[in-house]
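Down below are the structures I want you to see.
Two complexes, one shared chain (chain A), two partners (chain B, chain C).
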Partner chain A sequence: MSIETAPSAGATALDPTAAVATRRDIQHRLLMTLGPILAALIIAGCILLAVGVDPLAYYGFVLEKGLLSPLGIQQTLTRMAPLLFLAAGLIVAFRAGMWNLGGDGQFLLGAVTAAASAPVFVQIMPAWLALVCSFLIAMVVAMIWSLVPALLRAYQGVNEIITTLMMTFLGTSLANVLVKLVFRDPGTTVPQTRTLPVEDRLPRLFETTITSGLLLGLAAIIIVHLVMTRTAFGLKLRIVGANPRAAIHSGLGVPKLTIAVFAISAGLAGLAGAVDILGVQGNVRADWNPAYGLAVIPVVFLARMNGFAAIGFVFLLSVLSIGGESAARRLGVPNHFTLVLVSIVLIVLALAEYIDHRYNQSRRV
Partner chain B sequence: MSIASSLSVDKRDIVALEGVTKRFPGVVANDGVDLAIRPGEVHVLLGENGAGKSTLIGMLSGLQQPDEGRILVDGEPTAITSPRHALALGIGTVFQHMMLVPTLTVAENLLLGGPWWQRPKTEELEARVAEITRTLGITVRLHAKVSELSLGEQQQVEILRAMVRNTRLLILDESTSMLTPKGIEELGALMRRLVGQGLAIVFITHKLKEAAAFGDRISVLKLGRKVGEIPPERFRALGEQAIISEIVELMFGKRKDDPEAAERPVRVIHAEAAPLLQVHDLAVAPTDEAPCLSSISFDIRPGEIFGIAGIDGNGQKQLAEALAGQRATMGGSVRLEGAPIEALSVGERRERGLRYLTDDRLGEGTVGTFPVSINFFLKQVGAAPFWRKGVEQRAEIDKRAAQIVREYDVRTPSLKTPVARLSGGNIQKVLLARELAEGAKVVIFNKPTYGLDLANTLASRQRIRDTAARGLAVLLISTDLEELLSMCDRIAVISNGSLVGTVENADDARTKVGRLMIGLAA
Partner chain C sequence: MTGLFSEVFLSALLFGAVTAAIPLLLAGLGEQMSEKAGVLNIGIEGMMLAGAYLGFVGAFYSGSLWLGFFTGAAGGIAVALVMALLCVRIGLNQIVIGIALTLGLEGLTALLHHFQFSRSYPRLPAVDVTVIPLLSDIPVIGPALFRQHLIVYLAIALVFAMGHIYRRTQLGLNLQAAGDKPAALDVAGIDVMRTRTIAVLTTGALAGLGGAFLANVGAGLFIPFITNGAGFLGIVLAMLARGRPVWVLFGALLFGVCLSLTTAMQVAGINIPTDIIQMLPFLAVMIMLVLFGRRASLPAALGIPYERGAR
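Then we have the complex of A and B:
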């Protein structure tokens, strides 16, 4: 699968043939996205059959619990909030050609600091200010956590895939240690942080259980999309991503931009952790690691690093994961089957692209 | 010998094209082209930038498929489906833009494409390379990493790569653009030897003298259509001058005797004016494969064009990059208008008025997937009026880009076309336009006219002269001696990373530079 950094210049058609061509292009794109997803669903269905689960029951369950039931759709939309923040962070990093795979560590550290700080803050300041401060602290801590890979990549050229992955292992362990030893709530027997009272959390939307974090997440990803496509800063990052040598030749300060990319990407991951804690969970239990960061990576690829497309795919992922969790409980399919499904989609998409390319090459034989 | 019309299938043709058409969004790159390629002939393909030459050979080498028409190989209609297939058919191509894997060594690149289950036969390769390089008169360092070679050296490796396979048809797309006059002559002699052995050669060039000197048959493309052909019988009957003027007429529709013979206008340089660029004792450490630079010193005064001659790969690239701030120096000083700049970054040097036109237009000069319009402003990202408060002003960008496209005659279907889709010469125009934009004080040109057709070469040289006439200092690095002689005030010769001599561009400059280049005192 090619990593497209081509700017999304809104094609103003020059002549009618070009307009037809664009429309056919869009149709083609849709077909090339939806077709493989369908194929992937079938393949995953076969796997389910093989382990003795009725795929139709499974998919029906996922749809029912993730999308159609009122409670399910509310949970789905709530789940989107942290995923959108994570996707926004990955879009920045991937468009700049930097593989920040440390999202989970950054997410958990953000979550733990938010969980530790918010209950303290609400006692000394108004609730809204407490939330803002917790968000900021979570963001800064995640940014600091990304500094090591950022500096190594910027000044030593050390591959960030390895360093961010290592930092994510360290980060998850550190978050655990913090929960168990430092921020542990003395009032409970299970190791967890102090719980933020429900009334102090992010407000719910209207009369539903949907968190207002969803709106924050949507804002974050749309802002990121606009910054990447419409601003000088975004263009500089895309130049670094598309042709690093051209970036140096053009006089861009590549090391500083690299550090900025890591800071933004990690900061958004930290905010994702905070939004999940301050909006939904209220505390962090020991050994809690939802591994959202890993699940979001393929989604960002499917969306080809386009913010708006990412919103759609994040929604899909939420449906699959909320529905999958219920189905797991009911049908005994492991929770992680959602991830299997998403990876199958990705592999089929890559295959489809390859075949499409070969077909175009040899069509005129 | 029967004189076959080029339309009918001739059994002697290795490859023949019949009515081949290729369309891209917004352009018809080839329009019903017929072409016959015969063993024992150098078939020269001429045409302006964007005429469709590279597209045509792209189809011969399996990179692309024709939309209409067919390709006959040995008289049989054949679909050449991939570069591997083309090689299997005996068609070897040296592309206009480099196709080597930069992280591998030369030897590894030459061995690519062999059967994967076999161990690469390194000894065999070395013997064969030694044989070919001897006849070619070039030296190739087999164990050097490709990324460390200059573009000229890479081009030689590509020629070599096409030669080590047993090719029947060798295609050279602007392979002489990086060679010195001597190198070109050697390549020409080699081509003559190869066709003598029965090979067929397709040779693309923008230099009409090369076409007349090395060709047997000439085809001229214009806007994708074949507008004329000079068959061997006529070719032999005409003298060089007659051929060139006939080509010029076919290409540009007007007669001119020697279009390249432009008189160098006498310019007044204020000898007493303070130098704009002063380089003193500049040194650059050697990398794994690139030579070091040692004690490079020269001054360029306002209005002066200072030339650097030499065989490619002798440190020209390192020098240009060190001056532009892209390469760390080991010592020495660089002053712009008297102020030291050696500690400044690339961007800061540019802000002071230093411009660098790279010769690596796809590698670092442009971002291939970005639209033409953005590539004009790659070095100004964030600057008003194209960005305001950091926000892109698309209308401003498009307006200015459209203006530049017109001014520099960049042939592009639209401003949004990814720049890598343009023809080689048109990408070069994008770079030229960018570096000649306002605010320049000192401009480093590394092979500024590389890949440009005749009309554009002349126009660009005139632009560079005008630039100097406005009081700028120009450093002109080129392997083309004619170019240097027609433009420079002084010419220095670089060899093995140091300047071995500087000569005033007077009547005897040609011989003096020539002597310096082969290691004699001027």
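Then we have the complex of A and C:
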């Protein structure tokens, strides 16, 4: 499958009208993002009206709780941390043309590993080292989990959509088994892992409740973006993604690169699980599955696998989900409405991009 | 433990396996047709949910199970219509739209359920079964296989009908060409968009029917997220079957047995977390792939929108 690369903004740098063009470009992009979101809000508002809820009151509440209130914005920024790691992992995989749809399994196994190891590590080493070790071991476990699909794809040519989907079902069940049978906290009646004390978790930023995992997530996605766009390794991966046969002919070790892509992608998903546990949750309850992975996949596509654009979309997703959760508690509109809203936003954004593309084409011809 | 392998238990296990397999079979057959025609239909989970919800609503308010199946299939088609419009006609990314549709239908059906049924949780009465004479008297497999609702037999007949369509008809050839070399089909004077649209709408109808079966026959009620990944299992089945409907049937039965085993173990009071048994079918398939993983024969143009005259 081919990957469309975003038109490079730097190409017109020598043009005297470049500054004007860039400003117009930015304006255009803002319009093409905000316009569809507004349209999606209106469509979703009609659904709210149909079930007898005042859309303006609902949106006002979501905006208030997800973005404007101090607590809400802090929760939103905290929610972004795991999503950013997941998005970073998907950017690597999708740019290299590999459909890693197994993010949820890798995320959960990373989370369970971190939850199981951190309370043990803090007893034998300083807290900061325990956190680092937990992150590393979560990453390694997720990487190992991706090894089977990676090897099958690299050496047998087995389609990775099937294998990663199956591994994600397996991983979700395995994570549950581990929580219920192996790492279960004997001190509680509810099956869950031992809880990491709040003072041993990832530090919070300044005087807020925002986890410092946010900074780690931002760093991860920016590093991934730079590696994919500015380094020889990134170029190799993009060649594999754009045309695997050409990659073989230009002497690239495609099987090894395939395994590397899966390892990086799954490792980042594992880190996403770890950052959620070590920064926010503190433990894993049985049958806990936030299913972030599925929601992040289309986000990464809409961002055209661009790291900076992905940050923006992840922020939007977080605002909607945090605001939606508050609204579910206060207004009696179930949290499920957020899914509907996110889905409509995705479809309208994709449509707008298509219309914009066609409009540009017809103007050029 | 003595009661574990009694005749009644085995029969119930097998009966449950068939009931669990039918939605997977319908989803797998539907997905197979889309994939043959070159459309990777990730929205199938959403189509099943639409079918489950509308199928339940239809059956609940009319009192007729058949009308429920009809509305379920119509619900699946309605979602498929959006997919066909956006991914086949306009050519938007199939994975983005597919996941968006799945998320949206998950939310929408749960939302409607919340406002409509969440206080009463109504149930449908038990379904009428069609007893096949003589065969249903065979011990163990008789009550399990030959005392099912009529639609079960129809679904199994559909497997062979599909095989016939793919091998012996013009439509089957067209579908294959639409997935492998759409340009050739276009040159032959057959509308690629139309062929693919037919495939996607058929998928919607089958997935919707599968969802309606899941809600009306399998569970007797609708609950949010009732499909619980059945659509994704359908995708896995379709890809493993490599274009052959009979393999979808075998795969669906394998998964059905494992799903049925989960409930049977709980009934028998065996203290194994259900998660372990739920892992079994996936484990079996992964081991099969590791041992016999040859180059999968997916259609060449799978997932690529067709645009006439494009390079």
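Note that the second predicted complex is superposed on the first by the 325 of 365 C-alpha atoms of A that agree within 3 Å, B and C clash if a C-alpha of one lies under 4 Å from a C-alpha of the other, contacts with A are read in each partner's own complex, and residues count from 1 in each chain.
Just so we're on the same page, a residue touches a chain if its C-beta (ideal position, glycine included) is under 8 Å from a C-beta of that chain, and two chains touch if they have at least 3 such contacts.
Because the structure is a prediction, the values reported are computed rather than measured.
Enquirer: Output check: A:V140 vs chain B and chain C. Expected answer is one of first, second, both, neither. What do you get?
Expert: neither
Enquirer: Could you figure out whether chain B or chain C reaches more residues of chain A?
Expert: The partner with more contacted residues on chain A is C.
Enquirer: Quick one: is A:L215 in contact with chain B, with chain C, with both, or with neither? Answer first, second, both or neither.
Expert: Touch status of A:L215: no partner.
Enquirer: Using the superposition on chain A described above, determine whether A:G251 touches chain B (first), chain C (second), both, or neither.
Expert: First partner only, chain B.
Enquirer: First (chain B), second (chain C), both or neither: which does A:I239 touch?
Expert: first
Enquirer: Should A:I161 be classified as contacting the first partner (chain B), the second (chain C), both, or neither?
Expert: second
Enquirer: Applying the document's definition of touch, where does A:T231 land relative to chain B and chain C: first, second, both, or neither?
Expert: first
Enquirer: Overlap of the chain B and chain C footprints on chain A, residue-wise?
Expert: Overlap of chain B and chain C footprints on chain A: empty.
Enquirer: Using the touch definition from the top, list the residues of chain A that touch chain B in their complex.
Expert: 4-7, 9, 11, 14, 18, 21, 230-233, 235-236, 238-239, 242-243, 245-246, 248-253, 361-365
Enquirer: For chain C, which residues are in contact with chain A within the complex?
Expert: Going by the criterion above, the answer is residues 40, 86, 90-93, 95-97, 99-108, 110-112, 114-115, 224, 229, 232, 235-236, 239-240, 273, 275-276, 278-279, 282-283, 285-286, 289-290, 293-296, 298, 303-304.
Enquirer: Using the touch definition up top, name the residues of chain A that touch chain C in the complex.
Expert: 1-2, 47, 51-52, 99, 148, 152, 156-159, 161-163, 165-167, 169-170, 173-174, 176-177, 180-181, 294-295, 297-298, 301-302, 333-334, 336-344, 346-347, 350-351, 354
Enquirer: Would you tell me which residues of chain B are touching chain A in their complex?
Expert: 25-26, 65-67, 79, 81-82, 324-326, 345-350, 356, 358, 363-371, 374, 378-379, 381-382, 387, 390-392, 414, 416, 418
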